[in-house]
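Chain nomenclature is as follows: A, B, C, D and E, assigned in order of appearance, with residue numbering initiated at 1 for each chain independently.
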Amino acid sequence: MMAGGYSLWLPVDVSKHGFEIDRLIYALHILMAVLFVGWGIVFAYCLVRFRQRPGHRADAVVIKAKASKYAEIGVAVFEAVLLLAFAVPVLARVKNQFPSEAESEVVRVVAEQFAWNGHYAGADGVFGRTDPKFIAPDNLIGLDPNDPHGTDDIITVNELHVPVNKPVIVRLSSKDVIHSFAVPALRVKQDVIPGMTIPIWFEAARLGEFDIQCAQLCGNNHFKMRGRIHIDTDAAFAEWKKSKAPGEAPKVSEEDFQL
Amino acid sequence: MSATAEVIPHTVEPHPVTGVYNGKFGMWLFLASEIMLFGALFSSYVLLRVGSAEWPHGYSVLNVPLATVNTMVLITSSVTVVMAWYCLQLNDFGKARLYLLATIGLALVFMVIKYIEYSSKFEHHHYPRTNLFYGLYFTLTGLHGLHVLGGILVFLYFVGPGAGMWKTDPHRYTNRVECAGLYWHFVDLVWIFLFPSIYLL
Amino acid sequence: MVNVKRVAVLCLAAVGVAVSGSDVLAGGPMGTATIKGKAMLSAAKPSMRAIDMGADKACAAMHSKPQYPQGKMVFPDGSIPYAFIYLKDGVTGKYDTPSTPVEIDQQGCMYRPHVFGMIAGQPLLIKNNDDTAHNIHALPKKNAQFNFSQPKKGLENKLEGSKTFTRPEVMVKIKCDVHPWMSAYAGVLSHPFFAVSGKGGEWEIKNVPAGKYTLAIWHEEWGTMEVPIEVADGATVEHTFTYSKAAAQRDVNVREVTVGSGPIARASNP
Amino acid sequence: MSFAHPDEARKHRNAYLKVFAALAVLTVVTVAVAEMKFLSMPMAIAVAMVVAGTKASLVAAYFMHLISERKAIYATLILCGVLFVALLLLPVVTQGEVDAWRRTHVP
Amino acid sequence: MSAATHGSHAGHDHGAAHGHDLPFWRKYVFSVDHKVIGVQYTITALVFLLFGFSLMMIMRYQLAYPGRPLPIVGSWLGPGLVNADRSLSPDGYNVFGAMHGTIMVFLAVVPLVVGGFGNYVVPLQIGAPDMAFPRLNAASYWSYLSGGLVMFASFFMKGGAAQSGWTSYAPLAVISPGQTVWLLGMVLLITSSLLGSVNFIVTIVQLRAPGLSFFRLPFFVWAQFVTAFLLLLAFPPLEAAAILQLMDRIAGTSFFMPTGLVVSGQILPTEALPHTGGGSPLLWQHLFWFLAHPEVYVLILPAMGIVAEVVANNTRKPLWGYRSMVYAIIFLGFMSFIVWAHHMFMTGMGTKLSLFFATTTMIISIPSVVVLTALILSLWGAAMRFNSQFLFALAFLPMFAIGGLTGLPLGLPASDIHLHDTYYVIGHFHYVVAPGTIFAIFAGVYHWYPKVTGRKMSELLGRVHFWPSLICMNVIFLPMLFQGLQGLSRRTYDPLVYDAGQAVQGWHFVSSWGAWILAIAQIPFIINFFWSAVAGKKVSDNPWDATTLEWAAPSPPPHGNFLKSVSVYRDPYVYSPPGRPSDFWPQNQPPED
């Protein structure tokens, strides 16, 4: 089934900065096609015309192929234009010019072997302190129990919700090995290096639900490390946050016990 | 008799254009690759040291006087190798052999001092895994120690079974000792940089 | 001799009561005494969050109501399940290794049973009854670790001989790398005198030969306790363990790791 | 390549002994400077590297006869030297990452 | 080609009466003759090529039919590699992926182009009796063979073979099994390459025949010369990194392990992983790619050399712009040392750094364009003879063009955001290596086979091998480019987990069948390779009417190569000189006659 809006060419682009990356990829592929066809024509022509026929001898005179010299210089100039005019500005904006934290949604994503743990600041807007000491099966990012800010934080596994038309800053860190946070639909990819927290930002332009992929080999279940990112309207996002907030301690009854 | 037979040209007398015989050119190329090897280790040392929050000063943790003695031992062995080659120039094989033996002796002293240093570290439970400083200390000085060991084996060959060549082809024997000497000076060179960067800074 | 064992296993499986290994097997000296009792918690009940099975839609679909971490379960009357009670020392006899495997079933993205006991060398049969990939990763300290995956439903791996746990080790943690909330604990002993507390925190060890023993209890959340006991032939000894405070014992060896302090982390090497 | 006559031989021998003495002195200097600990870290590094550099060039020039070598050897060494510098730039190149890594530690 | 053929010729080694008769094992097994070592390298590397190829075929089955039990091979593979129902397990997939990469790069292609062709042809082309250091040459082969056997044995060891990719990135490689044996194998292979490169440089500089100046050297020798410098100066940093990673794994140091790792729910250091932290995972990536980029140029430069030889010979025309090609590959060799970090755009580098490496990457694409254009323009005004080697050499040109061009979007950091670590990268480098270098290797085998055995390979089998191989190569790798544009990550065991994977699963099916048919298309080559050694048409010493020096020696050349001393009078490719009867003028022919 043609899931998630994938077609033969580039996948669906739902992020504000996506079209610049696509434009660069199109321009490059056009350059590549032109070069390949140009070479191909000369190549094919030579194959046909200069075959070994009786009475025909190769002429050893060296042709002054002015055309090829200009072609090479042309390629070099075109590449330089692509690099300086397109690639670098896009990269600078995507990697360096961050929106202010005040007007954007900040999310922490902690990658671990074979799951993406999402961490939202909860109602008080402050992230709870985390420490590896407190990591347990039901507290995967090690939220400090006696830190008041942490009690209302939302922890999700392989599931991120972000508001549409609002910049989102994701702080990526890893617990064990190198992963890579990749969302093809949002044209976002960033290696997650253990021991470092690397921030990235994007702004979604359309609603929808897309794959989070792990692009860097991280162990034998690397292929299973799939998350979903949901782009919701502000209302839906707030409602989801409320539903995910931790409630009061649940009552455990005898039937919950299974051998 | 095929004219060229299988004698490889320029193994002994230098090539007219490059002015170097094969062995020396090969040894210098090998030393270039060794420079890159130790260069990579040094740049890793710099990167890890700059990147870590705190790093102990070498002289507060390591035994600097003993290491200084070790440096002097290695420098002396470097001189004895040159003197050995110098005596071979004067066709005095007996003296050269003595200098080679002196070089081997000094190298063994170097290894013994290193053994003392390592064992004292192990007693205080400082292993490579204790922390990054000891990891780098043991790896760098250990690899350098292996190179010293390799040098000892080569010189033992020249003093032992290899000495026979002096009678058959003295010029080639001198060239071989010269190449071994180049390697030995390089090992000394690495220690000259290794000593201050780990022990003193 | 063989059919006796099989009958014992069948009747044990039928009874929902706490699993006890002692009447399963013979070999060493078997007695007639019984030790039973309860496992209680007097401290405050822990705060816990429901397990978020969002990681894998297949798992979430298998449960109608939220699941809670089994380690933090406390019944309304304060009794706690999943405690592992065993005779720590004082057992003299030599017991042979049963050939019937201990079955670990992965059902509803949870391990069944969560805590179990076995004899050193007894084969393990691990089954995947979920329509998703599981990855069984055992982290013993004395035994050999294993880590393999079962990507499809219906796959069964039988570990025997050198592949199963061959050396006694109380509580080997088994986790699934794909579903971080899944965990199981195996108590590997050299004798069959162990039990796991079930409903109402009740447990029972039967056929104990007379003698002096140390009775010990282990729980993944509340830690371990020991008590010396004396058992006579045919007698029944009652003992109730009560955990007073939240012991900080985790399966992770907790100590003061000043995190991120650079290369000389003052970690006291264990 | 044996020497023409003895006095040239003696000249070479003296050169080696002088270099040896220089090396010994420089070693003592390095250790002394380090012991005094009054230098700031960058200065200490600079001094140590300068002294080590001079010692190294002494060994290379006299013991390894680099001063009397031909261009084939120089070509190899210059090429290797340039790439050695490229390698040593590694830490500088990664300075960006190193800052990020020291500022933000564990998840 | 096999050692046996030498036996049949040694009996009546006309002229070389002096043939000091070594015992069999000294003459063929532990030989120091560069030709025997060249043949040993070629055959060992071809066996490893087949082994690496078969690993890939098993992986392709899992990608085409995810989860289905492997047909024949399933019962042979042990529990570490297959699931209980004989389908390939995720660990098995990662092991095969890592070992396919390692074997193809370090054990098959590089030893073939450098160890096999380089060892055999370079001394002959420069008119030398043998390599400068024959014993070092033998040591380099035996160190390579032992490294290969260590890698092969790692499959059967307790932890199994390495499973964290041929790049073995730091924290994963330090905690997953099988990597220690891989590192030991790597140190042996690196030693072999270092010894080999020293040997090549000294031979090319010191042992050239009289009159053979640097700019009269055949282009193949130039390619090997630059490749040897790349090997000499790029491999040691990887050896240093391998030593550091070996210490990490064995001695528990943490050069590449940052502080505060939590592996499988346990905070480091634990008994199994006693790392106290402080290291940097990026240090490994920098050291590894500092080698690996020159390494990929080591893969392509000799291939360019072989293609240039075959093109010049079969177009009966001198190479167009020989000097510009030589300056281009020297510049390429130098630049390859300062582009390494374009493999690491996504590791959180700042824009300043990305800009520097993107610029050097763009600059380094220019010399490749120069060489390719020069080779294509060499066809202009030619009189082409379409024998098997020329077909392969011609196919190399467009395939290498696609490989090189698809490198551009990966070289710009912005477009790399979408394409990094996807199937686009796999399509890119396989286009350069598979229809590129391996086609050049086939061209080399067909071209120099008569010199090695004195017999020609069959042209019919050559064509039966060429056309299906060319088609299959494109059937396999073109779909990968589209899969990459979709955003499908590489190294995914079961692509159906992702939406992108489901959308492009059809292409996996196509690629897999292309791979299996390619395997069948190699059978004619294998038959041709062994059958022609005994039953191929006997040929003269210079069957292709070539001008370079190796054709002045008898086929197969005796120990010591040339019967009478050789000297050089002109450029390497003087074809169809005006006013001369024959259409080629060998380098060693004195000018007077």
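Simple rule for what comes next: a contact is a pair of C-beta atoms (placed from the backbone, for glycine too) under 8 Å apart; a residue touches a chain by one contact, two chains touch by 3 or more.
On a predicted model such as this, the values are computed, not experimentally measured, just so you know.
S.K.: Of all the other chains, whose mean CA position lies farthest from subunit E?
M.R.: Most remote chain from subunit E, centroid-wise, comes out as C.
S.K.: What is the chain whose Cα centre is as far as it gets from that of subunit B?
M.R.: The most remote chain is C.
S.K.: Going by CA means, which chain is nearest the middle of everything shown?
M.R.: E
S.K.: Write out the two chains that share the greatest number of C-beta pairs in contact.
M.R.: A-E
S.K.: Distance-wise, how many Å sit between the C-alpha centres of subunit C and subunit D, to the nearest whole number?
M.R.: For subunit C versus subunit D, the centre distance works out to 63 Å.
S.K.: Whole-Å distance, subunit A centre to subunit D centre, using C-alpha means?
M.R.: 46
S.K.: For subunit A and subunit B, what's the span in angstrom between their mean Cα positions?
M.R.: The separation of the two C-alpha centroids amounts to 50 Å.
S.K.: What's the distance between the Cα centroids of subunit A and subunit C, rounded to whole Å?
M.R.: 42
S.K.: In subunit B, which residues are in touch with two or more of the other chains?
M.R.: Expected reply: 18, 20, 25, 29, 32, 36, 39-40, 44, 47-48, 51-53, 131-132.
S.K.: Going through subunit D residue by residue, note those that touch at least 2 other chains and give them in order.
M.R.: Where subunit D meets two or more other chains at a single residue, that happens at 72, 79-80, 83, 87, 90, 94, 97-98, 100-101, 105-107.
S.K.: Could you tell me which residues belong to subunit E and also touch two or more other chains?
M.R.: In subunit E, residues 89-91, 205, 233, 237, 254, 258-260, 264-265, 267, 269, 274, 276-278, 280, 282-283, 287, 290, 347-348, 350, 494 touch at least two other chains, as defined above.
S.K.: Name, in rising order, each residue of subunit E that touches subunit B in their complex.
M.R.: Residue positions touching the partner: 15-18, 128-130, 132-134, 136, 194, 197-199, 201-202, 205-207, 232-237, 239-241, 243-244, 247, 251-255, 269, 274-276, 278-280, 283, 287, 290, 558-565.
S.K.: Using the touch definition up top, name the residues of subunit A that touch subunit E in the complex.
M.R.: The touching residues are 1-4, 6-11, 20-21, 24-25, 28-29, 31-32, 35-36, 39-40, 42-43, 46-47, 50-53, 56-63, 65, 68, 71-72, 75-76, 79-80, 82-83, 86-88, 90-92, 94-96, 112-113, 132-133, 135, 137, 142, 175-178, 180, 182, 184-185, 187-191, 193-196, 198, 210-211, 213-224, 226.
S.K.: Within their complex, state which residues of subunit C touch subunit E.
M.R.: Residues of subunit C touching subunit E: 133, 137, 139, 141, 145, 148-152, 155-157, 173, 175, 177, 180, 251-253, 257, 259-265, 267, 269-270.
S.K.: In the complex formed with subunit E, which residues of subunit D make contact?
M.R.: Listed in rising order, the residues of subunit D that touch subunit E are 72, 79-80, 83, 86-87, 90, 93-94, 96-98, 100-101, 105-107.
S.K.: Which positions of subunit E touch subunit D when the two form their complex?
M.R.: Against subunit D, subunit E makes touches at 205, 229, 233, 237, 258-260, 280, 282-283, 286-287, 290, 337-338, 341, 347-350, 352-353.
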